[in-house]
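Take this structure first; my questions come after.
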Amino acid sequence: MILHSETPWPALLILLPLAAAMLSFLFPRSAKFTGVVTAIIIALAVVGFGWHLQSEGVYRHAVGGWGAPLGIDLYGDGLTLLMLAVTALVGLAITLYSLDYFNTEQARWFWPLWLLLWAALNALFLSADIFNLYITLELMGMAAVALVALKGGRDALNGAMRYLLATLLGSLAYLFGVVLLYHGYGTVDIALLAERIDHQPVAWAALGLMGAGLLLKTALFPLHFWLPAAHASAPAPVSALLSALVVKASFYIFLRLWFALFAPLGGEVAWLLGLLGALAILWGSWQALRQTRLKLLVAYSTVAQLGYLFVAFPLAAVAGVVLWHGVIYLLISHALAKAAMFMAAGNLLRFGGHDRIVDLNRSVQQLPLSTAAFALAGVSIMGLPPSGGFIGKWLLLEAALQQGQWALAAVMIVGGLLAAAYIFKVLGYAFTPSTSREESIPIPATMAWAPLLLAFASILLGFLAPALFSLLDIGSPFERGAGS
Amino acid sequence: MNSAILYALVGVGIFSLGLYALILHPHLLRKILAINVMGSGLFLVLIALAKRTGEPLPDLVPQAMVITGIVVAFSATALALALMVRVAKENHRAELSDDESQQP
Amino acid sequence: MLFDALLGLLLLGLAWLLLSCRDLFKAIVLFVAFGLLMAIVWVRLDAPDVALAEVAIGAGLTGALLMSALAKLPVDNPPGRYSNEKTHWLLPLTLALMLLLVASGLGYALWSLPVIAPGLSGEVAANLEQSGVSNPVTAVLLNFRGYDTLLEIVVLLLALLGVWSLNSLDATPATAEKPANLVLDTLMRLLVPLLILVAAYLLWAGANSPGGAFQAGAVLAAAGVLLLLAGWRLPTALAGLPLRLALVAGPVAFITLAALTLLNARLLELPVEHAGMLILLLETFAMFSIGVTLAALFLGQRPQERGGSA
Amino acid sequence: MNISDYLSALLLIAGGLFFLAGTLGLLRFPDIYTRLHALTKADNVGLGLMVAGLAIQADSWAVVGKLLLIWGLVLLAGASVAYLIANGALKRGIRLWRR
C-alpha cells in the first residue's frame, strides 16, 4: 500500500472502522482488542493525513475514478483534519474508558455500534457530496440511537425513541433539500453546487429545509427538546460521544453548506441564527443551573454551549475569518471538555450509584482524578484562561464588542457567569467533607484517567492556537463566506 | 402543467400530510407510519422531477438514490419498531412518557 | 394525464386515511395499499427498478414488520387511542395552516424549476459503456455511486444490530413454536425453491434490465419470512458464527473490494474489463446478506445459539 | 382493431366484472367465510380471464408462459391464504353466519 506516492489515508479512515465493526460483531470475545487497535491506527492515519495536507494542500479524491458530478468525491482541508483529529482523540479516550464500563451482553453490541458510528463520523467529515452526507447522517443517527438504548430502562428507552424520531425527521428535511438542489442545479457535489447556485426559489427552499433538518440534529434552541433526555440517560461513554461529536457533525455539515452555498443568500437568516444561539445560551445555562442531577446538568450545558457556535453567524459579515477560527476553537475545546465531563460524571455515578448533585460530597476524597477532570473541563466550559474554551469565547466576544453588538456580548458574558455558577455548584458539593463511609464500587484506572487526559487536552488547547489556526488555513472554507 | 410537476406537487402534499400526523399523533406506531409516508412523498418528488429530461428516457440517477432511500427508510423503520415495542413495555402504552424526571 | 391526476388524488386520499383512521390495524393495511399504489406510480414514471424495490421492501416487508410490531404491543393499550382527545382544536389548526404555508412555498419552488433539465442523464449515458453493466440504475448503484451503496448495506446491518441489542435487554423468550400446518407446509415447500429461483433471476437480470441485489435480496427474505411463519427455526448450530458470517458477507465483500482497489490508489475503481464480473460478484454476496438480514429483522429476536447464550 | 383485439377486450372486461363482483362481495357479504369465498373465487376467475385476454396480445410464448405463471402463483397463494384465514377464524371461535 505504501508503494504509491499517495497513501490513501482518508479511505483508510473510513474503511478501517467499518472493517473493525464487522470483526467485532463476528468475534465478540476479541472486540475490545479490535477496538483499541482500531483507535490507535485511526490516530496514526489522522497524523498521516495531516502530513499529506501539510505537504500537498487540499485533498480531493474521486471515488471509483468517475469524479463529480457523476461520481462521489471525498474532500479534505484543514477543517476536515481538525474534526477528524478531535474525533480520533475523543474516540481513543472513549474506547479506553469503555473497556471496563459495559457488562458482557452490552459490550457485545457496544463495540460494533461504536465502531460503525466512528466510521460514519469519519465518512461524514470527508464527504463532498450532499447525498452521500445523507447516508452518513442516517448511519450516525441510527448508531447513536441504538447506543443510547443500550442502557435499557425507562429513561434511556424514552430518550432513545424521542431522539430517533427527531433525527429521522431531521434527515428527511435535509434530504428534501438535497432533492431540491439536485433538481435545481443538476448535481449533488458541494463544489459544483457552489459554482451553480443562485437566488432561485429552490435555493431558498433548500436552505430552509436543510437548515431546519441540520439544526434539529444539532439541537439548536428551540429544537433541543430531544437532547437532554437522550444525552443524560445514555451510558456515560455514549453521552460523551453524543455531546462531543455527534451534534458537532451535523453542525459541521451546516457550516460547510453555509459557506459553500447559503451565505450569499442569508443575511437575515444569520441574524435569526444568532438570536436562537443567544436564547440557547441563556435558556440552556439557566436550565443547567436548575438541575438536581449531574448528567442532566451536563446535558443542558451542551444546549447552552452549542448556542455559542451560532452567535458567530451575525458577526461574521464584518469580523471575517478569525471569528470562524474562534468558532472552530470553541467547538473543539467543547468536544474535549464535554466528553471529559460526561465520563467523569459517569465515574461519580458508578461510584456512588446515583448522580444527585447534593449528595456528591463523598466523591472528592474517593475519586480525586474524576473530580479533577470535572473541574478542569469546567474551566474550559466556563471559558477561563488559559483553556481552549477561553480562546474561542474571547475571539467571539472581541468581535461582538468591536462591532458594538452589546446585546450579544452581554449574553455571552451572562452565559459565562451562569456556566461558572453551575460548575461551582457541582464542585461545591463535591468538595464538601463527607461524614458517611459507605461501600462503593471502585473505578478502574482507565476509566479514571481517560477523562482527566481529555480535560488536560482541552486546557492545553489554549497554548496551541497559532499551530491550529495555520492548519485551518489549508483550503480555508471560510474565505468565501467571510467577506460577503 | 405536465405529469412531472403534477406528481411532484402530490409528493409535497403527501410529505406535508405525513409531517402533520407525525407532530400531532401521540401513538408511536402512527408516528412511524407518518415518517414512512413522508419518505414516500419525498421519493415521489425526486423521481417525478427526473422526468424533465426533454427526452423519452428519464434521468436515472434519482432512481438509484430512491432505491438507496427505500432501503435506508426500511432500516430506520425496523429499528424504530423494535424500540417502540420496548418503550411500550416500559410505559405500558405505545406513547412517549411526558415526564423528564430521571430515575437513577 | 387524467389518469395521473386520479392516481395522485388517490395517493393523497390514502395517505390521509391511513394517518387518521382510528384502527391501527386498518392503518397498516392501508399503508401497504398505499405502497402498492406508489409502485404503480413508479411504473408510470418509468422507474420499474424502484417499483420492484417499493413492492418488495417498501410495501411488503415494511408491512410485515409493522404487523408483527403491532401484535407485540401491550393489549391494554387501546388500539385506536386517538390524538385529538387531549389537545385543543387550536393546535391542529395552527399546525395545519403553517404546514399549508410551507407546502405552498415548496410547491412554488418546484413550480419555478425549469421545464427541461437533463440532470445527469447525459453523464450516465456517456459512461455506461465503462460501467460493466447495461442497466443504468445498476450502473449508478454499483459503480458510479457504489460508495453510497457500500454505506447503505452497512445501514441495513446496523439496523439489525440495533434490533438485536434492544431485544437482548428483554428477558422474555421467543414466541412458542406454532403447530405445523399441512397447507402452509405444502405452500412453503412449493414456494421457497421458486422464490430462490426468482431471486437468482432478478440478480442476474439486474445487469441489463430492472432488478438487482436489493430486489433479489427482498425476494430471498420473503422466502425466509415464509419459512419463519411456518414455524421453522434456524438450527442452533448455525445460529452463532455461521449466521453472523452470512449477515456480514455482503458488507465484508464490499469492504474487501474497496481495500483491494486502494492498492491501485483509487477507492472502488473497478477495472473496466472486469467491472461486470465484479459487480455480479458483489451483488451475489450483497443479495445473500440482504436476504438474511431482512429475514432476521422480521424475526426480531436473535436466534437461540448452541450453549444457550441467546 | 381485428378479431383478436375484440376478443382481448371482451376477456379483459369480463375479468374486470368478476373483480368488481368479488369486491362487492367482500364489502357486502355478512361474515368472514362468505367474504373469503367471494374474494378468492371471483378474483381467481377474473384474473384468469385477464391473463387470457393479455395472452392473446402477447408477442411470444415466453410472455404467455410468464402470464400463466402469474396466474398459477396467485391461485396457489389465494387458495392457501384463504384456507389459513378461514382456519384461523374457525379456531378463534368465529361462528358461521346463519340467516
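Letters are used for the chains, namely A, B, C and D, taken in the order the chains are written, and counting of residues starts over at 1 for each.
Going forward, a residue touches a chain if its C-beta (ideal position, glycine included) is under 8 Å from a C-beta of that chain, and two chains touch if they have at least 3 such contacts.
In this text, all values refer to a predicted model and were calculated from it rather than measured experimentally.
Hopping across touching chains, the smallest step count from chain A to chain D is 2.
In whole angstrom, the spacing between the mean C-alpha positions of chain C and chain D is 28.
Note: centroid distance chain B to chain C, computed from Cα atoms, is 13 Å. Centroid to centroid, with C-alpha atoms defining each point, chain A and chain C lie 31 Å apart.
With touch defined as above, residues shared between interfaces to two or more other chains in chain B number as follows: 15, 19, 45, 49-50, 52, 62, 65, 68, 72, 75-76, 79, 83-84, 86.
Residue numbers of chain A whose C-beta contacts span two or more other chains: 131, 135, 138, 142, 145-146, 149, 176, 182-183. Listed by label, the pairs of touching chains are A-B, A-C, B-C, C-D. For chain C in complex with chain B, the residues that touch the partner chain are 1, 4-5, 8, 11-12, 15-16, 18-20, 24, 27-28, 31, 34-35, 38, 41-42, 44-47, 49-50, 53-54, 57-58, 61-62, 65-66, 69-70, 72-74, 76-77, 81-84, 86-87, 91-92, 95-96, 99-100, 102-103, 106-107, 110-111, 113-121, 124, 136-137, 140-141, 144-145, 148-149, 152-153, 155-156, 158-160, 162-163, 166-167, 169-170, 212, 214, 297, 300.
Within the complex, the chain A residues that touch chain B are 131, 135, 138, 142, 145-146, 149, 153-155, 157-158, 160-162, 164-165, 168-169, 172, 175-176, 179, 182-183, 228-229, 232-233, 293, 295-296, 349, 353-356.
Looking at the complex, you find that chain B touches chain A at residues 15, 19, 22, 28, 31, 35, 38-39, 42, 45-46, 49-50, 52, 62, 65, 68-69, 72, 75-76, 79-80, 83-84, 86-87, 90-91, 96-97, 100, 102-104.
Residues 2-3, 5-10, 12-21, 23-27, 29-30, 32-34, 36-37, 40-41, 43-45, 47-55, 57-68, 70-79, 81-86, 88-89, 92-95 of chain B are the ones that touch chain C when the two sit in their complex. On the side of chain D, the complex with chain C involves touching residues 73, 76-77, 80, 83-84, 87.
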